[in-house]
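The next part holds the structures, each set out as structure tokens.
Shared between the two complexes below is chain A, which has chain B as its partner in the first and chain C in the second.
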Partner chain A sequence: MLDPDSGLSLTIARIVQRLKGSSLHSQLERQARVSLHKPEIKLESLKEDIKDFLKTSGWEKKLQNAVYSELNVFPSPCHPAAPPEHMKEPLAYMRKAQGSWEKRILKSLNSMCTELSIPLAQKRPVNEQKELLNKWNEMGTDEPDLSLFRPVYAPKDFLEVLMNLRNPNYENGEQPSFRSHLGLIQVPLKVKDIPELKEDFSELGLNIGQLGIDDSAQVPPEFFENEHVRVGQKVLAEQDSAAAQQYVRQGCPTALRADLWALILNISNQPEDILYYEQLKSNVIQHDLLVDSLIYKDVKLTASNDDYYFVFEDYLYQVLLCFSRDTSVLEHFTYSSATPPKSYIRGKLGMEEYAVFYPPNGVIPFHGFSMYVAPLCFLYHEPSKLYQIFREMYVRFFFRLHSISSHPSGIVSLCLLFETLLQTHLPQLFYHLREIGAQPLRISFKWMVRAFSGYLATDQLLLLWDRILGYNSLEILAVLAAAVFAFRAVNLMEVTSLAAAEAVLADLSTLKVMPLLQIFLFATVT
Partner chain B sequence: MSGAAGPGPGPPAGPGRSPLPCAPRPAAALQLGGGAEPARPGVAVIDLRFPRGAAADVQEIVFRNFYTAFLSVRVQRPGPTGSRRWVTCLRDYCLMPCPHTEEGSQDYFSLRRHQMLCDMDQVTAVRFILRQPSPVWLHFTIEELQIFPPGQKSPQKDFPSWLSQLTPPEQPASLHGVGSVGTIAIVPGSPGGTSHPATPLPEPRAIQPIRAISAPQHRAHFFQELPDPEKVSTEVQQMWVLTEVIRARQAAARIGRFDVDGCYDINLLSYT
Partner chain C sequence: MGAAGGDGWAIMAGKVKWVTDIEKSVLINNFEKRGWIQVAENEDWNFYWMSVQTIRNVFSVETGYRLSDDQIVNHFPNHYELTRKDLMVKNIKRYRKELEKEGSPLAEKDENGKYIYLDFVPVTFMLPADYNLFVEEFRKNPSSTWIMKPCGKAQGKGIFLINKLSQIKKWSRDSKTSSFVSQSSKEAYVISLYINNPLLIGGKKFDLRLYVLVSTYRPLRCYMYKLGFCRFCTVKYTPSTSELDNMFVHLTNVAIQKHGDDYNHIHGGKWTVSNLRLYLESTRGKEVTNKLFDEIHWIIVQSLKAVAPVMNNDKHCFECYGYDIIIDDKLKPWLIEVNASPSLTSSTANDRILKYNLINDTLNIAVPNGEIPDCKWNKSPPKEVLGNYEVLYDEEMAQSDGPDRDLRSRSGQSTGVKGNRARDSGKPVLTTWK
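Coming up: the complex of A and B.
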């Protein structure tokens, strides 16, 4: 593809360009200028002295963290001849499938609009604005009539689309042969097998300490836990993103988790970030979007009914309503296979200078979307910081769970990985479930799309999300799904219908995530 | 005209680079002799000749893959004896690491001179031998083939200009001689990077001393009340440098407005 040298200079150029306009850039300049007053900065060796000053005062570390963050988020640059849609998604048929799926969503939203005769967006009247501002912190007490609204789509609708995904150049014969897949996903993406996963997730091995296993009551804390906490405090003191990312692979101590995640995601909650959040809040107050009602409905249906998360209902509104107005989220569409929906200001159809994105962040929430935010409420209590953490998690990970792409962390690859793992290592169970009409993916899809939020107990979920951040990949979700099936294999072999299989796997709240993962990856005889 | 060995238009050439004109014939699958029905042998050949029998030097070959797993390239060039012969310059280059899966199947590739086994000068014809051992794919080929000759450096436009500036040391008001007034490195070219992801890193141009637009020595003696022309031109240059810096400092951060003049009333979404 790109040979290493030109690839490296392209990456450097891109990162320099992205960091140039950022607040970090102006802060560094200010620091450099301030340092000119210091006696140790000499004119003859100005450049070197300033560099040394930035290093000792910790600013170089901040720059390193920013560069590391850019490297993690953006994919490596494409070949110069490749058009921009190639960076979004290299396979043409997947782009097409994503386009048709988006069109369906748009049609659904438009038909809801016309049925209910509600505009997609309008300015809020002044008295309504005042009212909303007054009850900003308790929007959960509102009981608007949402009976006519319905979610735009649910995960099972999305699964149907993925099941019908076909590569036109692949031999999809009618007869089952070695080239047809036995599961629901029929596209030949490259997925890892257990030896490769063992190597990738080597820090989860049997002889390495883990939080979630080696911090249980029976294990004396001197063996692992105390030392691990000490190392975590040191990582936080150093403020090094890359070290933090390596550290959380073994789990985060609860007391340090909030700061460590903020360090990995490079969120520092500067005054300008707080100001930005306040600006988003004022946007919410000024304009009323149809998407707001969808968010309300989703929160009422999912998070408010959940035993763990109902207390955070108000936080969820404060985060999700602002999220819909945040245009900085539009940047992630350069590397996502999705495209933001477009519209025109009323009365100006077709005029390009009145073209806008709807919603302003380009993301239409679906049923269960608020569950991405809910677990974060346990860690962050300040709305602007909670907001930034969620936004960063969304543009790094969660967007891949509801768009069609060939990326190894995309939902299609995760589904195929799950099915392949199950088929390879539990062939009898896979065959049995298939025979009774209970394809395993039908049950595990909803877990993976929500990143297990709402299905696991919260402490276990946060341990799982530690590893997502640590490995910068969502593949662990597919591995956990397969591990859950492996754990309940004996019961599943006895069921005779899809409903019974669902019942066996209905309650995951008692599961311990790390032992399951460890056993499945490292202690199963292959 | 750029060669295209399959459906789809060719990509635009990079700045300052134009591909050599060539006419590739479409991929022909190898057939075993004597077979009644056409088999799918998994090997195809694309032949490419330059028009009017011309010979050219080849610097880079760019193409888009379409499910080809391995690529070999042979070129026809004059041998040591003078007559033209076929030489293999690339053998079994892997495009798809796992031929049964999608990895690398529709990616763009560049083959450069230094990767080749032989010299790529005075080439009259190029033959691409495509192999796809996996039977799961219906078709395989390579598309949007472009061959670039050497010696075309992309001109240095569209890079963000950055400047390193040292304030020129105070020169004594010597009106003799047109000395260089401090060293200011200026990188010409339009400032302000575009959002093109493939902007190359600017190379620092040689530091050129900017000579003052000074009057010849004898004239200065007569116009001593007027401000020193060297000093003025230095200041003008400094101001120009500052404006260049400010222009280059276009913030990448968005302002965050999603409405048009305060209005965000929308009825329906658009499908196009």
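Coming up: the complex of A and C.
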């Protein structure tokens, strides 16, 4: 066990190292230097005076937000002797499974490449570059022939892999009984039960005001909404990330949401950020990647057909094409169980000097990937800000939904949490569905992998994502999935096939997520 | 068969007999679900869903048709005062001048001579009658674009854009002052200043289609359907002059968009008004969004008030209008036109459901309890039957209620994303909206 003091100093050391050399660091230095001209800064008490100045001018708050951001994103260090893989994934069998999964994906990508004789990447001829630049804002009107491309994988392929995960150190010798886990996931990870969830999600309790419940037309706004909006405005005025994160647990007022999320994610859209985005854009213009076609195909198959998101088709290309070229995303692989695929310059297979990550950001999109971006288009209409928000959401949350790990917010744990909640609290339903060949996870898996994007109405989805940000965890997705089954339990008990069960759960667009979550967590007899 | 037949006949006599010229399933299904009975036009009928041609015949001086107390039709005899583009503009202009003459604060103008509260129709002229006036206006702004629309056509037919006087030379030849209901009304056009700075979402241009039900003009009682929608252009909007001929870019009318290459049959290029509200609140803020929707309600009511004095307020009539509104990038709404016969064709499954519910709620208000109508009723349906309609303006209530109205509690269900909470039941107008 790591003794708390050395744990703390390790953390501090890591954060200092990460912030050193960041633009915030240079801005702070510049501010400190500028402050020397101010009359209140005296030589005798230089250090204290500068610290006071930074506090009153709001720079200390910015530093606090940056530190808070680091704490949220990076896991606490484990034992100093632990190898770096442990920060990615402590369990060996999970690492192995993720590795084989990655090999399969890469094989699929390479074979598509060979079949279609398209290189993974190539430089665009100059006239094509010009054309793309002109069309940058309306790539949706392009109709390239995508019939030969197919998504590298779909969520159900991934589910098959997860179903076959086994811990080789775990011997479950006993005969299956009513006490054993009846679901598809058969690995022994610790997941929370309802009493623990109630504690963790205490702000969702019945006696606490919520947006999504207490702002409906029948409730006078004086009861909760007006005050909540006022507090939200105050949080924004203070520019405090930690306060914002606490605040959004009760939901964001629509007019404040964009700013609150940006504050929590510590996105400020500085000139250098805009410049960085423009640079990514020029990378897109100059080089054509095979994954670009995968992205086009995905958008055309999913978002373009969605009632809410079709309007933003062009923005999705602008974000996702740049995202594939963004090497800063590679940083997240230090704490993700995944490893970016490597590719070799033609003819130099196996020679490390000629290895590059492919795609440059190491993330191969799958069917439905663009739906992670789509809801954000309702909040941010400025491409570079939209881009940064998405990137941060990805490296904090979404990457966990398509990689194999033991993390409590990883998809494996979410699946297990879902199945356990259902089996524990709706055993009759669970058993019935299993008997008719409709394992519940087969239906709910796609909801969770997409964080419910494209399944819920947008305003409800945003209320859900408020809580993901507020609690810095994806567990709420599993809880919601179970709550949906609980809500439709009566109808589900009457179905006799998987197809019929799918039909009962096909349309979630009328659901109100907050009442469902509240009832499931706080108003169900356990 | 005696007694049974007698009873059978008595039961039938209590059922509404309907006729329609418009063979659309969303209508017919609604009639049938009420157990109404279809009859022919020359038989005794209670409810006739007419096309605009039929209403012209029914109420024309020659036929001398007299409707009885138990007969209801879905158009006002001279609806064209509102629904013909040239007459709508004429009536609004007249209304504004009248308010100005009586010194009403509504007719206040700003320092440039533009009406502050009543400038909601783009500058419009009739051709050929106002050709010279138009030329004068055009020369003030020679780089402007104008849209030519034939007065009598719908669905975007015959519309084209111009940005040079030479393009409409042929309307300059006749300079006779024509009356507005001229025999050559087929050739009469209106020319309006084209809104070349529309609000774009996702880079795309759109317009709003809102449904408004009027049950009586004097006193004015009108309802707005909460589930209006935005129609997006399938092709990217660009104000560049080379694209003037590409109607897919400029016209949002679904009848035209349907033939573009990118038309999608799942969502039909349509968004609900609640999506629009969510987007605007999230990206622009709540106050400006509420202000926009308030203004939209305002301009609809003003347009109805403008035609109310000249409308034949026949008690056998009600009408469901399709309002087309464009929002510019300063979040100002503009009234483009009003349709007497909004399309009942469905382009997607969602569309079919929406139109079915629209007719259902309309019938619930116009034909109370689904029973044989008595056109002498007070046309004040109880709140419960409104369905997805909410009271937009009720002149009677506005005049009686005075100071109490602000204390009235909020009504109406929330619609998906919060509906129009701040502005709902019959909140009359003038002082609150100023």
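Here is the rule we use: the second predicted complex is superposed on the first by the 518 of 526 C-alpha atoms of A that agree within 3 Å, B and C clash if a C-alpha of one lies under 4 Å from a C-alpha of the other, contacts with A are read in each partner's own complex, and residues count from 1 in each chain.
What we mean here is this: a contact is a pair of C-beta atoms (placed from the backbone, for glycine too) under 8 Å apart; a residue touches a chain by one contact, two chains touch by 3 or more.
Predicted model, so just to flag it, every value in this text is computed and none were measured.
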Open item on the list: Looking only at contacts as defined up top, I'd like to know whether chain B or chain C touches more of chain A.
Closed with: B
- [ ] Could you say whether A:20 touches chain B, chain C, both of them, or neither, answering first, second, both or neither?
- [x] first
Open item on the list: Contacts for A:214 in the overlay, against chain B (first) and chain C (second): which applies, first, second, both or neither?
Closed with: neither
Open item on the list: If we overlay the two complexes on their shared chain A, which of chain B and chain C does A:458 touch? Say first, second, both or neither.
Closed with: second
- [ ] With the two complexes superposed on chain A, say which partner A:304 touches: chain B (first), chain C (second), both, or neither.
- [x] second
Open item on the list: For A:378 in the superposed arrangement: first (chain B), second (chain C), both or neither?
Closed with: second
Task: Partner chain(s) touched by A:240 [first = chain B, second = chain C, both, neither] - done: neither
TODO: Once the two structures are superposed, pull the chain A residues common to the chain B and chain C interfaces.
DONE: none
- [ ] Could you please specify the touching residues of chain A with respect to chain C in the complex?
- [x] 137-138, 140-141, 143, 215-218, 220, 253-255, 257-258, 304-308, 310-315, 377-381, 457-459
Task: Complex interface listing, chain C residues touching chain A - done: 201-204, 232, 235-236, 261-262, 264, 266-267, 269, 271, 274-275, 278-279, 281-283, 285-286, 289, 350, 410, 412-414, 416-419, 421
- [ ] Flag every residue of chain B that touches chain A in the complex, lowest number first.
- [x] 11, 14, 62, 64, 66-67, 97-98, 100-103, 105-110, 112, 115, 135-139, 144, 146, 160, 193, 195, 197-201, 249-254, 256-260, 263-272
Open item on the list: Help me check something: in the complex, which residues belonging to chain A touch chain B?
Closed with: 1-3, 9-10, 12-14, 16-23, 77-84, 86-87, 90-92, 103, 106-107, 109-110, 113-114, 119-123, 167-171, 179, 187-190, 276, 279-280, 283, 287, 325-328, 334, 341-346, 349, 353-354, 356-358, 360, 406
